[in-house]
Amino acid sequence: MTVLLAFDLLLAASIVGLAAATLLMRDAFAMIVAFIVFGMLLALGWARLVAPDVALAEVAIGAGLSGALLLRTLAHLRGGGLSAQGGASVSAPTNGATQGINALLAGLATCALGLAYLGAPQNVPGLEAHVTDAMPESGVTHPVTAVLLNFRAYDTLMEVVVLLAAVIVVWQVERGLAETPAPALGTVYQGFARVALPVAVIAGGYLLWIGAEAPGGAFQAGAVLGAVAVLGLLSRHVRPAPAHRPLARGTFVAGTAIFALVALGVSGAGRETFEYPPAHAKTLILLIEAMVTVSIAATLAALFHGREPVTVATGKETT
Amino acid sequence: MIALSQATIYGLAGLAVFGLGLMGVLGAAERLRRLIALNLCAAGAGMVLIAAAWRSPPAVPDPVPHALVITGIVVMVSATAVALALIRRLHSLETDTDD
Amino acid sequence: MLEIAGTAFMALGALFFVAGTIGLLRFPDVFCRLHALTKADGMGLALVCLSAAIGAPDGGEALRILLIWVFVALASATGGHLVARHARRAGPPVREVRP
Amino acid sequence: MTDVMPDPLTLAILLPLFGAIAAFLLPRAAPAIGLGAVVATAAAIAVLGHLVVQAGTIFVPLGGWGAPLGIELRADGLALAMLGLTALIALGVGLGALAAFAGETEVGGQPMARQRAFFWPLCLLLLTGMNGVYLSNDLFNLYVMLEVISLAAVGLAVLGGTVAALRAGLAYMYASLLGALMMLLGVGFVYLQTGRLDLAGLAGAPDSAALSAAFGLMLVGLALKTALFPLHFWLPEAHANATAPASALLSALVVKAGLYILLRLAEAGPFPGEAILTLMGVLGTGAVLWGGVQALRAERLKLLVAWSTVAQMGLIFVALARAGLEGLSDSWRAAALLILAHAVAKAGMFLAAGRIKDVIGHDRISELDRSAVRPALAQLAFALAAISLIGLPPSLGFIGKWSLMEGAMMAGNWHWVAVTMAGTLLSVAYFTRALTGFLRFDRVRAPLDEHRGWALADAPPVVLAGLAVGLGLAAGPILAVLDLGTPFGAIP
């Protein structure tokens, strides 16, 4: 037991240390890599706290996709490559006095929060008893999925709305940018993509299916499928074209639309919105999850790709 | 005397990560670094929530904070993507006007 | 018996990881580091997966762990190749070892 | 819970969402879809209003679970007033946007067709988020709703696509995210202390260090989102550089979300002490003075209007603090009246400022004049909105300020009266800068152009600004609506 506690201490210290190192890295590329490693260790910590769903989501989305997004942006800032030193100059922060005061304030606030945390009661029950009581009526057997898609489904719908809002804003901001030439990745990568992508699709489907009874579910599956699409974009298996726009828009909104329609559709006859009939709860949840997974995958890939595919017509928009 | 439980370790570490992120947001000069600092804040808040799933000594952790943190992770990647799009667009416009 | 074998494999795997990490930190250029990482960590991963598969409760679980090994090995080989390719094209030449 | 199926609370949130989806799918039809969705939402709110008048506070346990396991929606008079206000402003700004994004020409930024196509999905997502906040009864749900609002608001702020707008938008995004994350950590502390997430769970919680930490985090986060001095740094540039309809939505509605949550927190929980409330009043005072001075110094009309938002938000915090912790059960009314008054007037004013800029081609205050092309109706709208924001009778702003000062006087807090007076004087001074410009003949430099006549685009700002003045006459009914379902407990 004490060995494990020592491991936990070491892991927690590494997490905090990596967070500090991330902020202190002088080179932006190193900073991003440190952030990704931070995410991996964080996921390990969450696995230690028996939160496998969260660990999966963190690895796939928090570290993986965020990392890919950050690296893609850095490549853009540095004019196509990651190794070039131009572009995003990494200047040391200026104005030491303000910085010192800010750091001091943040440090003091954190210490106060730490004291408050230690003073918090340890014996107040959470909602686990309520969840356990309601599980038989939820339609699934995995508690986290039950919370996400039944008890607090409204939050989850709004979370998908946030993703939708993000892709709308990204398309709006980044229209008509000239496409940065994708790096040629060579035959080894192409071969890998040919093997790995189908397997990853299967893995995504498996994660979605297993989510009803074990760790996994729409978000993790969507992230895996989104990663598939990102790899496809990189290997040029997927080439967004203006003709794909209606399809892409439809895919982005499908999850939100179906989710909201089901929520409204089940209401009536004494039932509230989001109150699935117990007999159909599992089917409905799987339907919602499947649509949400597809939407998440498409949205995440679109967020990585960035700009909306448009025909460069006006000529006013250059680079 | 406070028992140094597993949850407490990660909860305090989460607060430390949040604090570091806060310092980064307040102090960092570059746009990317600030964004990463904000992501650290989110991670720290998530750690506190996941630690909160273990307060009372049950056999299994409370699934509600788990669901909340998954939501938080997805929300954060959305916000990150939007901020990055703004950064890329700004960079393009700024380098255009500077040259 | 199996338990001892599992623990032994795990320890051996960890040793390989440590060696790989030392290589990453100590070697002078990208290619040497890559060599240390891909070779040593590949071996380490194989041993850790083997150990985990031995400890798995049933055959299905063990099969999944082995699948993980196969795909991580594939991915790390491809990743190593990409890093080396990029370094060869863009970076400075291989550092000459002076006697 | 309600006889109407599906219930109007959910519809008030989901109808704009469906509108946003449809407008995103069919960009060419976006304006028609958008206006249709706003009207449909307004209809749902009208039905809801009918129910609230009959039944007082309405709860809808989503999924049938009920708090604390599930999420509940809650509608009372305060929520109803905010919903109605938001629908009104969305309708006005939406009609204004029809004109603002008409034409195909592009002025240095995004092509108009694209702005038009993207305005509506973002505006409707914003409406989804705002209505979600008003009806929410759950802390984590409030966090998610704030993020929906943030992303939509940032999208609106950068709609013009200029470098200035993008820079301001990114700063806004970072401030907004940090505020939301502080709120999230605060929610974590609430969960540590109470083991629940619904607002009602706060009510019975004992005063403790964890709860103080939670309130501290949430208050700072919300102060950042509402741009309370000195955390206002992001607001003026973001609001001034957005296109006019977006500015109107950002200034009239988005900053109110944080304020509304503050009101709900003050209603629900053991508010962390007299000192914090006084501090909010003091910071509000700082905002009133600093915002006023900066508005006096602003060189562009839209920047002046944006700084006046900082000052007016400060005044709302002063209203909350006017009679201390014990007076909070009445002070919220003054704050709510000021929120309504500012929202209507500021929406009209930003639309008017946008019209003026469109017609005369710039918004430099020193060059405003009574030229022949003068947008007379937009100038009238600006003046009417200024009357309400200054607080001249019979405007809604007057009622709000009167209510603020009356409560402060009754509590013997003359310093808050003095702050309100000072803020009023400052607002007279800075709005006069613009208003005198509208009356001057001697600045005309270009040859007199022909008066272009009045356009349909002048109607929304005039109507909104007119309402800001005229609604003062309806203060009685508005107060009656606010008291439906007795927010903050019994009426003293």
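Should a chain be cited, it is by its letter among A, B, C and D, assigned in written order, with residues numbered from 1 in that chain.
The working rule: a residue touches a chain if its C-beta (ideal position, glycine included) is under 8 Å from a C-beta of that chain, and two chains touch if they have at least 3 such contacts.
Every value quoted in this text rests on a predicted model; they were computed, and no experiment measured them.
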Ordered by label, the neighbours common to chain A and chain B are D
The chain pair joined by the most C-beta contacts is A-B
Chain C to chain D, mean C-alpha position gap in Å, rounds to 56
Here the gap between chain B and chain C, centre to centre from mean Cα coordinates and rounded to Å, is 30
Each of the following residues of chain C touches two or more other chains, namely none
Residues in chain B with touches to at least two other chains are numbered 18, 35, 44, 48, 52, 55-56, 64-65, 68, 71, 75, 78-79, 82, 86-87, 89
Each of the following residues of chain D touches two or more other chains, namely 140, 144, 147, 151, 154-155, 158, 166, 185, 189, 191-192, 195
Checked against the stated definition, the touching pairs are A-B, A-C, A-D, B-D
Within the complex, chain C is touched by chain A residues 81, 83, 183, 185-186, 188-189, 192, 195-196, 199
Listed in rising order, the residues of chain A that touch chain D in the complex are 112-113, 115-117, 119-121, 124-127, 130-131, 134, 150-155, 158-159, 161-162, 164-166, 168-169, 171-173, 175, 246, 249-250, 252-253, 256-257, 260, 263-264, 267-269, 271-276, 314, 316
Chain D partner, complex, touching residues on chain B are 18, 25, 31, 34-35, 38, 41-42, 44-45, 48-49, 52, 55-56, 64-65, 68, 71-72, 75, 78-79, 82-83, 86-87, 89-90, 93-94, 97
So, in the complex, the side of chain D touching chain A is made of residues 1, 5-7, 10, 14, 17-18, 20-21, 24-25, 60-65, 68-71, 106, 110-111, 114, 118, 121-122, 125, 128, 132, 138, 140-141, 144-145, 147-148, 151-152, 154-155, 158-159, 161, 166, 185, 189, 191-196, 208-210, 212-213, 217
Per the touch rule, the chain C residues reaching chain A in their complex are 71, 74-75, 77-78, 81-82, 85-86, 90-91
